[in-house]
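See the structures that follow.
Two complexes follow with chain A in common, the first pairing it with chain B and the second with chain C.
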Partner chain A sequence: MIDKKKLLTPKNILVTVVLLILALLPIFPTTGAYAIQLTCLTMLFIYWASAYNIIGGFAGHTSLGHACYVGIGAYVAVMLYLYGGISPWIGMFIAGIVAAVIAGIIGYVTFHMRGSYYTLSSVALLNCFRIAMAASKEIFGFKTGGAVGLKISWMGESVSGMQFVSKVPFYYIFLVFMILCVLLCWYIKNSKMGYYLAAITTNQDAASSLGVNIMQYKLMALCSSAFLMALGGAVYAFFLTSIDPLSMFNYDTSARIMLMTVVGGLGTLWGPVLGAALLVPLNEWMRASFGARLSGLSFVIYGIILMLVVMFLPKGLVSLKDKYEKRRYEKQQAKEVAVKEASVHE
Partner chain B sequence: MLYLQTFIDALMIGGVYSVIAVGLSLIFGVMRVINWSHGESLMVSMLIALYMNQYTPLDPYVIMLIVGAVMFVYGYVLQSVVISRILSRETDREPISCLLFTAGLGMVMSYSVQIIFGSKQVMAQTKYNGRALHMGDLVVSLPKLIAFIIAVVAVAALWTFLQKSEYGRAIRATSQNRSVATLMGISEKRVYSVSFAIGTMLVGLAGGMLIPYFSVYPTVGSVFSNKSFIIVVLGGKGSVPGALLGGLIVGLIEKFGALFFSESVAQIIVFLMFIAILLFKPTGLLSKDKG
Partner chain C sequence: MSEQKEILRTEHLTIKFGGLVANNDVNIHLNEGEILGLIGTNGAGKTTLFNMLAGALKPTSGKIYYRGQDITGKPADKICKMGIGRTYQVVQPFTSLTVEENVMVGCLNRHRNIERARKRADEILEELGLGKHIHTKGANLGLPQLKRMEIARALATEPDIILLDEVMAGLNPTECEEAMELVLNLRKKGYTIIMIEHIMKAVMNVSDRIYVLNQGVVIAEGTPQEVSTNQEVIDSYLGGAKKKC
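And now, the complex of A and B:
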């Protein structure tokens, strides 16, 4: 029996309402193309931030080169489609596996070492891929377009080729991706793997002495994170219809994904969702209102937000709720004590 | 002859890489903190040097010393006012929150500069620009030679300071075991502040010595910081001779890789070497640290 009272918490109601609005948004006649585009990007970044959270939050290894897997996903899926005629729906899973294997190699090398080695190599890997893709005109005899990149030429509306006139089909793809990713994160967090990872990040030596295979669980976290990033990257490539090394293997994108997760709350389920849902629209709004001259302004504000959060709210925006509840609880306690004391005096 | 010329060029740029990486390595080794805004500090130093060169009659190498002093104060204040607070909250051996904080700081620095000065490349006009020494068929750029000499002297001076002086001993003691060092009456917080300040001071010197032959733009820092990260791992974190050796190795691979293949192949070789070091000697070439 499912307890009805447990299902009707304010949080569940809020999530349901938000999802309903998201599902119905493209149907409203008043919704413009810009709103669809903005919501697409927001959902994509929620997806990416949640995927990043598996390694960055649950496993506690900060990555500042996570867009590397986005780029790998995009390039593999697009090249499979252009030269092999393989549908992106299949291609993106191949891309995911390629990204997971590469991530696994880097993880295997760096997780032996404690601390920041993975962070350092994540940026090195990203730069390596960007430089390599920009410099090489072809890989295994297939053209990659070098620094110019690749264009997915229009071949008519097709579901199997992931080519649509309107952005609405992509909207629903991103919506489904986002929901599945958050559900997967919830599953991982509450599974054996999640508990082991929590133990590892709390105290690696203690976890190790209790027989937790640290390397195995960290690798599992990294590979699943990279797989999801690449899947998102593949769809993003078809959403944009053109890719190039600079925008795909992008440091700023990596930093933004990391930042959204940290600002929302590292290692929490809703932190990345909240972080991306606030910061992506902020960026787009600023870009729309300040234009290209001040295009860097949103990054200045991003940086300031990150510094403030690290200093004053290290557990992210999600922890505000806990703080509020704790304060309310303490007030209530104080009141009860006061009432008791009053009654004793009487 | 071409090889000798390439060798000399490689050593000269390698020396500058070393002096930048040594600062990062010292901070990493003593505090276990990665200063992610290291490259952006370099960019700001170059910018300050550029403007001082433009508006004051001073010699670029006098300006370099001033910028070094300014960056020393900057590093000392940043560490003792802000980073120490974040650090005191952390219980982890390698605090991640300092990395995140400095990553945010780096973003603010590079994008503020982009907004204020635009993203074009600016070259300082000094009296050393383009001057070169001719030795037979060899051409040695004068500012590069001066930069190399200053870099080696700076690294050697730091090494002597750490090995011979009383305060250097205190810094080394803190990096080995900070609780025991505190028991010996060493102020951990001051050691951290001084180490951080030395790290940013070296970046200030590097910024000053770079301007006669390297143009300034908002993302110039990442060119050097990405290499510094690799050099720190290569040489061993906290190891001063390691960073010098690592810087020279990276310089050599870049120049010879570019000569035989192309510049991008050279970058990939550097990365593969980084992975190989992590696999076979993860503590770095010259580190006694057991990881």
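And now, the complex of A and C:
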């Protein structure tokens, strides 16, 4: 039985309206190519930030090299397409599995140790891949293009080859990806895995004495996160139509994904969504307005915003709601006390 | 007593931290349905013994048998699944989770379904008198409630044996009485219990048998009566403790 009142919360209405606007945006004749491009990027980063949140937030292991899995996804899918003729729709799942296996190996080694070893090795992994891909011209006899990268040559519009003249099909792919990823995060958060991960992040010893297999659940979180990152990376590669080691195994992208999650609210469902939805357009806008004259200024402003959020809202933007509710509750309490006192005086 | 079934036993259990021998050749056994007291001065190795039984520490040598099966060195989560639950001397709540969710983590061991786990957690909390607090965050709970929540969490994993590590420390006399009642109730429900306790009145009243540890070695074993008249125990432990009471 579905309770209608429960469905009509302000949050649900807001989400529905936003999704409707997003679904209809490309249909409006006034929507330009730039708006489509920007919304695509925003949705992609919401997807990535949500995927990152599974390991970074739910499981509490900061990764500073999460774009590594984006790169793996992109390269595997593109090479499968170029040399094996495998459709990216299938290739991206193979890419996801490859990324999950690599993540699993790194996780298995580093999760045995407490502390930030995973974080450190994530940076190392990213750099290893970038340098290796830039330095080597081929893998298993297949050309990777070295530092120049690979180009997906135009072979005509094709759904199976993920080649489209317009960016609108990609727009809808990213939209669906984003929705599915947020739904998956919601599912994980409210499942046994979500509770176990919450227990592990707050107190590992207590969790294991309650029957939680720490390694298993951390690996599940890391592998599913890496799988999703690679899936996004594969589509992103076909969206760009060319890939190279520097832009795929990118440290800035990794850091930005991590920061979006932190600014929005680490470990929450809507935090990464909110963080990416605000920071991607902001970043693009700053690059467009100051990029030419003061190329460093956008980074300075970006940095200041991050510092302000970390200082005043360490739990991210989503904690604003809690703060507001707490204040309202306190005001109400004060009012009740005042009324009681007034009645006593009478 | 002799016809009772043995459920847990240790053989020559020894653990060393560098040069320090925290437990030396500890041989204890536990019968089904029994309340076993574990006493001794601070640093006698009681909690270390618990940590080995619960899988948090691996013994340097010796064996632990649970229902005849060797469980030495098995990880904590496996031992929990086999039926040994524990509480911590220093309470270890999941501070960011509510009391209900804290207990649910334990329940999820036996119930895959979230709602069923939630229902079971609510039942356990109601039984332990924490019904009012189910939506309170672990961080905002007082010590007596936290100690109860620890027991609730251990119970949630549906153990056969519960290891209670100083559940009465830091409680006032009334709360102690309540805790004692709780322990006796647990036994009535069929749980087997090992408890570490410093409050003599509680251990002596509640336990069927007591082991006394001193500097990592078992120096005495027997009924509360036997132990409290043992000269070695009086010299090393009770003498000082009696004055305190």
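The criterion applied here is as follows: the second predicted complex is superposed on the first by the 341 of 346 C-alpha atoms of A that agree within 3 Å, B and C clash if a C-alpha of one lies under 4 Å from a C-alpha of the other, contacts with A are read in each partner's own complex, and residues count from 1 in each chain.
By our rule, a residue touches a chain if its C-beta (ideal position, glycine included) is under 8 Å from a C-beta of that chain, and two chains touch if they have at least 3 such contacts.
Computed from a prediction, not measured in an experiment: that's the story for all the values here.
*Asks:* Any idea whether chain B or chain C touches more of chain A?
*Replies:* Of chain B and chain C, the partner in contact with more residues of chain A is B.
*Asks:* In the overlay, answer first, second, both or neither for which of chain B and chain C A:33 touches.
*Replies:* neither
*Asks:* In the overlaid three-chain picture, which partner chain does A:21 touch, first (chain B) or second (chain C), both, or neither?
*Replies:* A:21 contacts neither chain B nor chain C.
*Asks:* Does the superposition put A:13 against chain B (first), chain C (second), both, or neither?
*Replies:* Touch status of A:13: no partner.
*Asks:* Once the shared chain is lined up, is A:128 touching chain B (first), chain C (second), both, or neither of them?
*Replies:* Only chain B; A:128 stays clear of chain C.
*Asks:* Tell me the contact category for A:208 with respect to chain B and chain C: first, second, both or neither.
*Replies:* Second partner only.
*Asks:* Taking the superposition on A as described, I'd like to know which of chain B and chain C A:196 touches: first, second, both or neither.
*Replies:* second
*Asks:* Please write out, lowest number first, the residues of chain A touched by both chain B and chain C across the two complexes.
*Replies:* No residue of chain A touches both chain B and chain C.
*Asks:* With touch defined as at the start, can you tell me which chain B residues reach chain A in the complex?
*Replies:* 28, 32, 34, 36, 82, 85-86, 89, 93-94, 96-97, 99-101, 103-108, 111-112, 114-115, 218, 222, 226, 229-230, 232-233, 262-265, 267-268, 271, 274-275, 278-279, 282, 291
*Asks:* Can you tell me which positions in chain A touch chain C when the two form their complex?
*Replies:* Those in contact with chain C are residues 190-192, 195-196, 198-199, 201-203, 205-214.
*Asks:* What part of chain A is in contact with chain B in the complex they form?
*Replies:* So the residues of chain A touching chain B come out as 60, 62, 64, 106, 109-110, 112-117, 119-121, 123-125, 127-128, 131-132, 134-136, 251, 255, 258-259, 262, 294, 296-297, 299-300, 302-307, 310-311, 314.
*Asks:* Along chain C, where are the residues that touch chain A in the complex?
*Replies:* Touching chain A from chain C are residues 54-56, 75-77, 80-81, 85-86, 88, 92-97, 101-102, 104-106, 108-109, 112, 114, 117, 153-154, 156-157.
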